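Note that the chains are named A, B, C and D in the order they appear, and that numbering of residues resets to 1 at the start of each chain.
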Amino acid sequence: MSEKKQLRIGLIGYGFMGRTHSNAYSQVGHFFDSEHSVVRQAVCGRDEVNVKAFAEKWSYASYETDWRKLVAREDIDAVDICTPNDSHAEIALECVKHGKMILCEKPLALNGEQGEAMVRAVEESGLPNLVWYNYRFLPAVTHAKNIVAAGELGRIFHYRANFLQDWTISEELPQGGAGLWRLDAAAAGSGVTGDLLAHCIDTARWINGDIVSVSAMTETFIKERVHTATGEKQAVTIDDACAFLARFENGSLAIFESTRYARGHKALYTFEINGEEKSLFWDLHDLNRLSYFDHGVPGDRRGWSSIHCSDGEHPYAGNWWVPGLCLGYEHSFVHELAEFLRCLDDPSLEKRFPDFRHALGTQHVCDAVLESARSGRWVDVKKA
Amino acid sequence: MSEKKQLRIGLIGYGFMGRTHSNAYSQVGHFFDSEHSVVRQAVCGRDEVNVKAFAEKWSYASYETDWRKLVAREDIDAVDICTPNDSHAEIALECVKHGKMILCEKPLALNGEQGEAMVRAVEESGLPNLVWYNYRFLPAVTHAKNIVAAGELGRIFHYRANFLQDWTISEELPQGGAGLWRLDAAAAGSGVTGDLLAHCIDTARWINGDIVSVSAMTETFIKERVHTATGEKQAVTIDDACAFLARFENGSLAIFESTRYARGHKALYTFEINGEEKSLFWDLHDLNRLSYFDHGVPGDRRGWSSIHCSDGEHPYAGNWWVPGLCLGYEHSFVHELAEFLRCLDDPSLEKRFPDFRHALGTQHVCDAVLESARSGRWVDVKKA
Amino acid sequence: MSEKKQLRIGLIGYGFMGRTHSNAYSQVGHFFDSEHSVVRQAVCGRDEVNVKAFAEKWSYASYETDWRKLVAREDIDAVDICTPNDSHAEIALECVKHGKMILCEKPLALNGEQGEAMVRAVEESGLPNLVWYNYRFLPAVTHAKNIVAAGELGRIFHYRANFLQDWTISEELPQGGAGLWRLDAAAAGSGVTGDLLAHCIDTARWINGDIVSVSAMTETFIKERVHTATGEKQAVTIDDACAFLARFENGSLAIFESTRYARGHKALYTFEINGEEKSLFWDLHDLNRLSYFDHGVPGDRRGWSSIHCSDGEHPYAGNWWVPGLCLGYEHSFVHELAEFLRCLDDPSLEKRFPDFRHALGTQHVCDAVLESARSGRWVDVKKA
Amino acid sequence: MSEKKQLRIGLIGYGFMGRTHSNAYSQVGHFFDSEHSVVRQAVCGRDEVNVKAFAEKWSYASYETDWRKLVAREDIDAVDICTPNDSHAEIALECVKHGKMILCEKPLALNGEQGEAMVRAVEESGLPNLVWYNYRFLPAVTHAKNIVAAGELGRIFHYRANFLQDWTISEELPQGGAGLWRLDAAAAGSGVTGDLLAHCIDTARWINGDIVSVSAMTETFIKERVHTATGEKQAVTIDDACAFLARFENGSLAIFESTRYARGHKALYTFEINGEEKSLFWDLHDLNRLSYFDHGVPGDRRGWSSIHCSDGEHPYAGNWWVPGLCLGYEHSFVHELAEFLRCLDDPSLEKRFPDFRHALGTQHVCDAVLESARSGRWVDVKKA
């Protein structure tokens, strides 16, 4: 172990995502071999009491209360940006100045313009960079990607995805502040589009290629909420719900939908892809399973198979327990980190994780979606 | 029995739908009480050998080979129109001239213009009229309707429906002719829009009210097919797939999708509705079940319930067997017919079956969908 | 049609089973071709008003109130015995005397001794005979049978089946009388063993061969109920629940369970069979589906497939509608009757329906189960 | 953190279970608060190279190759016994001599006699002791326990459980040695009975109380396998499959089954309990869900609910992520450890984890099952 290269992480932000990433840093070495050893070097937050407690709980060697200090520290190799979306760009550009690798929480930025600046900076610097589109890395999702990438589906006709939640239905829920900045467009950029659909779009583009045009509608069901910062009722400026039609470069059609008003769904992220030969379906609520339909099976035996992706032959699963035993949500982050380390070990390998450029492509789709919702017209998607 | 009033049916067309309707005529009296006794009086088709065989198999008292003759017969009370869509309007108007009640296969007509003429005619005549949007009458679907109609869902936020099939993926499949007129726009009017989405729209409007505007896309994946009539490759003019965004009058958002290119789905008609208090989901492949989410249940017990709608307390189910035993597809037609008879018995009762006017509303949505797909713009739906 | 041979049915008993069989007589000709035309000639019941109404509703040409008269009528070719179990033997023996074919509701008799006499009689007479073990004839069940019969499963290791209901949990429910004779051991012979497990055993023996020994336990949860006949509380003598271990002749192990005290299950009849190469599972609540596991599929694609047995390639399904559309419970009776007619048309064909001898084998298993429950020991099953 | 009491763990055995327990030691402090801080002090195994590598990967401070040395070390507070079953008793007794707390992998011992000695020793010493029956601690399973414990089910009628696998079907699989000692009765004590049914029995007794009598059958499908130690074919002495009927002290009936020959099931551990008012079902393959049937719901809304036990209101779930996100298999060990720590923090609390005495009760059931399978008779279960 002493011979391993260290990857010293500086984490900025220690909310929900700070925990999922810290868990990945703690777990990755137990289950995935690498020449790099991940070191939880420092965590940064504005509230000293809280950030110190977080550092203790997660065994970070130190803490900071000023993110610029953390970014400037020489004993940090990589910065993990876990702050609200409105600060991603600023922090990332500062990281590049200090030569830090960046692991940035999604979405990349508030909009494509910010994202382009970020991509330009990291690509000019040559620094490794990653965006935490974690859902790709669940065994069933990666399995789906591999099956499609092998061309097994033949011509693709349809893609559909949604991400349904129900946690903002109450009018009493305020907007803004620590837990609820996602309801504040100033901090979040958008509502479900950037928060949830961005995940759907990332997976879709990874599996099915580029989206070329979209027609969208959005809605804000509850028009005013008390803002935590002011105590006053203010107009809600995010999209509570968004649905869009899309056309992919490969000629397939798609529908996407997201909402926080689908009673009964906590985190129903699903996607389905229909090809000439096969179809695939996946659902975050039952994340170990991939539904698989193979038209090549004789007619009287055809049916949707439920593949429990927990065998040694499934992506990542063999690194954990034995066949049939379930993995959970947080494993996705461990796997994404393992992919990042794999490419640090050998930069010549194909990157299987989303970098800033891929995330910019997703940002461009989000921007087109929001523009279409405003204009009521089909909008072409800018290429990343 | 001898005291019952007779309802003497003349059936025009004896294909797939002719069989489902004949089954309803045969079965309804075994399971539903009525003052009317349904008599299979005559069936009409152009091929005498075939129509005669059909008449024997289904115990029709007579047969015709000219539909005008059948419509003119004095011993016919009601005409059932089971022909391809392009002849619905002409036959229906002739029926009105002869004072016949009409039971018309869906969609009502080739387009709204035809439909309006049909509605005008039947309403002026006062003749009972019905359109066979049969799926409403499955116990689980009617149960869903009743729950929503009672206001139990509170404010409605979302509706989504799709109808996915996979039977036209092969390029070898011809268009036109007896089994395949649904691929020929001249006979069918449209592709999946009129054939499949019309069902989704009928149910949606019944349950969730009027649709006010739509944005659609359509695609024809296979551009040319041999036409059965000519033996030549001809352009395919129907829509193979159609998806649309919609806004309902009640403020809820919707997505609808249909295709015949969703590998793995034979007849996956599903709908879901999300309200403030409850959500409902249904699936034709498991038609006895209604998925039901009640937010009023305490938090640690909330979950989607799978209601097997086969109890005496569920709509129609008590007329059949005992709790837990499944009904099938064809029962939907029996139930629709039972509703028609119920209103014949007592015309003062609320009609629970779709009449020509309701079907015209569905036709207007289909027309708007097709226009939007052509124009790439949102289109307002004409009121029926 | 006029050239068809008639099969004139005399139905004795017109309760729940009388309806399911009458439905089969009405429907079979609409969906299955045969040289025989089934004629609803007479129905028999002790209550003249009721039996007459039944005859009218189901178009029986006549009715009787004395079953011996019906059996003696010359215009009856086949007698259908739908009475409580305690009269099956007597009626059947009388039918043989009058040279009638017999279609007998299951279970065959009150016990093996009665059953042996019945088998002896019908076999000596050479008269066609059938027992209504209808569940075999659902497409998914027949499909399972065919797959196993083809040897596709390899060596069989396990069989398990259960039939769970919950309708007798209330202490207020009386025993005896028209609707509730199944709770009265004098009329029914036994409780769940003969009523429900007999179905499980019939299917098991059909698919997996003979059962050689059993170890059982039974329980009567509610010890006394008011008897409908006397108005008095009387000891309940049936088994409310029964579970047993079994060994099949082919070396496989089995567990069977039935109860009317499994809250939440209306009619949960399931079976599963595990072989070296494949496994199968089926469930009456979702009767159109067969769950299918094929170990021959590559490891990363293996999973349980849900085959919707509604395609033309599935048993019986092609005689009904189009792919994807569900059949229901009552279709099982139609199919069993169609198999009976097929063998009437051509007696040289292999019988796929259960005759008296097969039903006797099932009766012997039931007898062994009840004896084992009494003695607390393993009991060998008598061969039929 | 410095003020926390340390719990210094010495782990003996570092196979599959060694990894799951080490993961619990690493994770528990990140998600559960305690006055105790768990320290990975030492790990012990006979192969120095391997045990050293394991110690590095899992950050154990030291390692040993002689378990007696580890047990004797003064810097160890608690010993975790992860060795094959035949050494549990000897190691545990030695731990007691040295005053160590014990966390012992299940089953407790090779048989009840060993188990009784172990219970006697730990109870006389007053040392905290735990057995790793981890499945209790999945949120859905604990939720089920709590619902039953609250008396919500009313009178219990039925319990059924099984644990089905398919990994030993091949005749080529050897017995004995590191990965396969579970196939060797000398090391394992029994086959599926102690390995798998023990889990089912532990959960059953926890939820539904004591089992009083059993009737079992076992089978060894493959009679001879090459032994890894000798390279020779030797008789297989474990049970490949075991099924048993049981009666609980509360009057309910049960069936249990386990096998490694159920093709298609990797780790299908399920249980169901039917009470007068409610029923519950759970399945390890979908471990986040509890199926819940509440008869108190109005008749037309009754159905099995699928509760995704991932909300803050569900046991343990609130310590992890946000509603809707799945946990996995390994979380069960973290939760069991958290319960152990909770009682270390405050020994006056009710123990929710299985101690040696509870595990002895389970051992007695296993012994009775094996005796019944040998004798072919019902066997009464000894009280623990």
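Some notes on this structure:
Keep this in mind: contacts are C-beta pairs under 8 Å (C-beta built on N, C-alpha and C of every residue); 3 or more make two chains touch, one makes a residue touch a chain.
Labels paired with UniProt names: A, B, C, D = D-apiose dehydrogenase.
Please read all numbers here as calculations on a predicted model, not as lab measurements.
The chain pair A-C and the chain pair A-D differ in C-beta contact count, and the higher one is A-D.
Farthest from subunit D (D-apiose dehydrogenase), judged by the mean position of CA atoms in each chain, is B.
Averaging C-alpha coordinates per chain places the centre of subunit A (D-apiose dehydrogenase) 36 Å away from that of subunit D (D-apiose dehydrogenase). Subunit A (D-apiose dehydrogenase) and subunit C (D-apiose dehydrogenase) have Cα centroids separated by 55 Å.
Contact with two or more other chains is made by residues 265, 302, 304, 308, 311 of subunit C (D-apiose dehydrogenase).
Contact residues on subunit B (D-apiose dehydrogenase) toward subunit D (D-apiose dehydrogenase) in their complex (touch as defined above): 143, 289-290, 292, 294, 297, 299-308, 311, 313-314.
Across the complex, subunit D (D-apiose dehydrogenase) is touched by residues 157-158, 160, 164, 166, 169, 215-217, 219, 221, 241, 243-245, 247, 253, 255, 257, 259, 261-265, 274-279, 293, 295, 302, 304, 376-378 of subunit C (D-apiose dehydrogenase).
Residues 1, 16, 19-20, 22-23, 26-27, 29-30, 56-58, 165, 167, 265-268, 284-288, 308, 310-311, 320-331 of subunit C (D-apiose dehydrogenase) are the ones that touch subunit B (D-apiose dehydrogenase) when the two sit in their complex.
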